[in-house]
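The structures considered in this document are given below.
Look at the two complexes coming up: subunit A is in both, with subunit B in one and subunit C in the other.
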Partner chain A sequence: MSKKVLVVDDDPDVRSFVVTVLEENQYIPLIAQDGVEGLEKIEKEKPDLVILDVLMPRGSGIRLYHHLKSHEQFKALPIIMFTGIALRSFLKSQKVLDEFQGAEVPKPDIYLEKPVDPEVLAAAVRKKLG
Partner chain B sequence: MSAFKILIVDDEELIVRLLSMSLRSDGYQTVSAFSGEQGLEVFKSESPDIVVTDIKMPGMDGLELLKKIKEIDPEKEVIIVTGHGDIDSTITALQYGASDFINKPVRDAALAIALERAKSKIAIRKKLEEYTTTLEIKIAEATEEIRRKSNFQRLLITSSNDAIVAFDRDWKVVVYNPEAARLFGEAAKDVRNKMTIDDLYTPKIAKGFKNQVKDEKDQRNFPWKEQVIHTKDGRQIPVRYASNVLFENNEFVGTVNFFQDLTEIKRLEKELVQSERLAAVGQTVSGLAHYVKNILIGLKGGSYIVDVGIQNNNTEKLKSGWETIKKNIKRIGDLTQDLLTYSKQREPEMELCSPHDIINELVELLKGFAASKNVLLSKDLDKSIDQVMADPKTIHHALLNIINNAIDACIEDEDITKKHEVKILTHIDKNHMICFEVADNGCGMDEDTRNKLFTPMFSSKGGKGTGLGLLVTGKLIEEHKGIIEIETSPGVGSTFRVKLPYTKAKPVDGN
Partner chain C sequence: MEIKKLLFVTKFEDLCYDALNSLLILRKAALGHVVFLNVIERDKVAMKRGAGYLKEEEVKLKETANIRFIDWAENLFEMGMEVGAYIEVSTLIPEILKVIEKEAPDLIVIGRSHKGALEQLYSGSDVSELVRRTRIPILVFKHMAENKIVPEKLFERPILATNWSETGARMMEYIKGMKNVIGEIHIIHVVKDSALKSPDSHEVQKVRKKERKKLDALCDELEDLGIKARSHVYVGDPQKEIEKAAKEYQASMIILGSSDKAAILERWTGSISKNIADNSIFPCLIIPGQKEN
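Here is the complex of A and B:
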């Protein structure tokens, strides 16, 4: 059975791009417009992978990533960071949250900086889901 | 002091010998001569302290000797021995400066008294001499001290980096140091003791200083002020200046002014502004690159979707990809327009227009979008405002930008329990400006964001803002002689007020 991939991004252009890439590679795309909706969808739809933007209104990717990685029930959920923000800035923000929330989270193992070719994105998804 | 040496002159040897004996026994040292000529010789060789001479002698007599001695040393004590009742000689001797007279025959007691008198005169003279010398030394020392002190003070004034100019009570220049000469471009010799305050300063500065003297005492210290002065040789120098009124025993004696040349400081300030501008350009370029990258992401994504649509013969995909591409082409268009508007100076095109028509149009345009984001768009317009002279493009652009920002601020707000609303109000304020107010209850701004609002390419909207919107708006409003005011509080919302001059009728311009 096809695997479900949740795209969390506030930019509709990015969403439709990622959705198309996923469809072309036989995955079932789910979408959320911001961090809050993202978490709702994760809890409800139980996706196999999340493709997460960083800068979004209402519960940014920074916060959602930290939340998922510091809660037992979500820890195993694979995440691909997909963003225009440099990795360095993202890691810095995670460190601040580590200290603030007293929980240390691992670095994202796949961090893609936009723009990304569809093949690269597809390869990253395949690597995570097989 | 060694014993007094007394010269005794008499042509009668016996008298000389007797007197010598008597004086020696009184502790004096004596030398003798038996004629006027010899007396003069001995006087020259022995330098006696006191001379006792007989008046009547063959050859050079006592008067002649007295005259010669006085020519050599006018201060010398000469006692004349006269015959009884020889008034004429006595008067002559007095005229020649004899110290004392004793009558013949010489009695020891009379001589002793005369000698004591001479001695005390010598002593007094000596003391006087000593005093005079001491006084002279003291005066010399004091003079030197004063000279040193005044020299020091002069150097102090001369070497000051501030221009120092002082006036006496008649406003005549009395102090004018080299820095002042450099600053004002007038040589010290033409100014000091020649010019008055009105000759040297511009009327404004001169008046300021003069008024200061009239002020109450506690306000006599002049605060530092800044002004550009025009020198006689045509330079314009920015200066900072201050003044003090001088009093002596509560009486006005003059004023002293201090000027600091700010040319260098102004130059550095200008350089700082320049470098800040360069930094802003750097920020602009990186912000612009970021925004262009986002457009590129959109275009790439869109063209991929179109590719997929063509490949799969999927009209939905084709449509969606094409929409994305069109949207990003529009973003490039808007960006180009903003950049052009920002970089070019533009005169507002004033015409008779209705601000409320513009607002109604904008509300119509944005209502749907706002509603889709659960934001209520409302308006409360001052009915007294009708047609005004203004540039409708400026009003349209500014309000569109600000209302869009307000809607964005509501969308960004993390508090989803709020009923989000954007209110548009108009009224005429007390300064006779037409005021457009756009108030939202969205996320608001912290101080940092607030301060960066008009920084080129600053955007709090991630990649979705050009960072030019408010900048362009601000510029258009400024060109329209208007102002923009912002009130904001994080989590509560923001209010933007655009105020433009309220001109009802078309101005008469001959057309």
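Here is the complex of A and C:
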């Protein structure tokens, strides 16, 4: 059975690019436009993987990543960060949230800085889902 | 009343990171979330004879804005703040109202561009339209080139002008929410010439004494919370006197109320808040009254 991948990104052009890559690789794409909708879809649709942007209205990917990785029910959910925000800034922000919330979260194992070629994105998804 | 979330509306030529940076002191007062908004006016990408809709121009403008926002956001994320961004091709005020609906900010920060008479006219009307259409406090920054105020000291020495309208209580609540941020506040009231029953000095002093007593009560209220406060009474034209007071005390910003009544009168006479926000060299924080139920 095809696996479900949730794309959380506020940019319709980026969503459309990622959805095309996913469909061409036989995955089922789901979409959310911001962090709040992203969390709702994760709870409701139970995707197998999340492709997550950082800078979005109504809830950034920074907070959503930290929330998912610090809550038992979502900890195992694979996440690919896909953003224009530098990895350095992302890691620093997670460290501040760790200190503030008292929960240390792991670094993302795949962090893709936009833009990326479709083959790179597809390979990252395959690495996570097979 | 705390400022937890602010909406930063920028065209980039009017407000940049230095302005945002001067607001980050509000983190001491609870600020934890900044939302950026850049509105690309439709006429910049609208249909042109022989060229059609300027899609390439739209992409270029959006990407330019996006690069700036990413850069700013990285700084804020690293401080542990939450950041959101909107880049829309639209019309300024309706777009601001849409984002307010989605994000519910506690403060709107907007610039006032002064490049030409026409632009000044439009910018002025943007601010006054926004004041009329929202109940959220609005901080009007001035164009960088004309701004003589050191941006880092924005909350160091504000002047609060009260006319004892119904917005007074809301202004005080707002100031109390910034108790960890404000250096020293000067509270002033301008007695209009027309309010003096007779021009003799005894009468003027009597009015001054009465108003000063009311102002001192506000100062006491703030000093109980640890905010240094001083009171001043002025007599004359409110707009001129508020500006004069701001200069005399080297104010870092002017804080004003804006009532519904003022918004209605403004159509006929131009309100004091609007005129000061549009014309003063000082940044202005305008606090609208509560919506009547």
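Operating definition for what follows: the second predicted complex is superposed on the first by the 130 of 130 C-alpha atoms of A that agree within 3 Å, B and C clash if a C-alpha of one lies under 4 Å from a C-alpha of the other, contacts with A are read in each partner's own complex, and residues count from 1 in each chain.
Note that contacts are C-beta pairs under 8 Å (C-beta built on N, C-alpha and C of every residue); 3 or more make two chains touch, one makes a residue touch a chain.
Small disclaimer: the values here were computed from a predicted structure and weren't measured.
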{"item": "Fit or clash between subunit C and subunit B when superposed on subunit A", "value": "clash"}
{"item": "Contacts of A:F100 with subunit B and subunit C, given as first, second, both or neither", "value": "second"}
{"item": "Touched partner set for A:I62, first subunit B, second subunit C, both or neither", "value": "second"}
{"item": "Which superposed partner A:S89 touches (first subunit B, second subunit C, both, neither)", "value": "second"}
{"item": "Doubly contacted subunit A residues - partners subunit C and subunit B", "value": "55-59, 84"}
{"item": "For the subunit C and subunit A complex, residues of the former touching the latter", "value": "35, 66-67, 69-70, 73-75, 77-80, 82-86, 99, 102-103"}
{"item": "Touch list for subunit A against partner subunit C, complex", "value": "34, 54-60, 62-63, 84-86, 89-90, 92-93, 96-97, 100"}
{"item": "Complex contacts: residues of subunit A adjacent to subunit B", "value": "10-14, 16-17, 20-21, 23-24, 36, 55-59, 84, 114-115, 118"}
{"item": "Subunit B residues touching subunit A - in the complex, by the definition given at the top", "value": "290, 293-294, 296-298, 300-302, 304-305, 308, 317, 320-321, 324, 327-328, 411-414, 416, 462-464"}
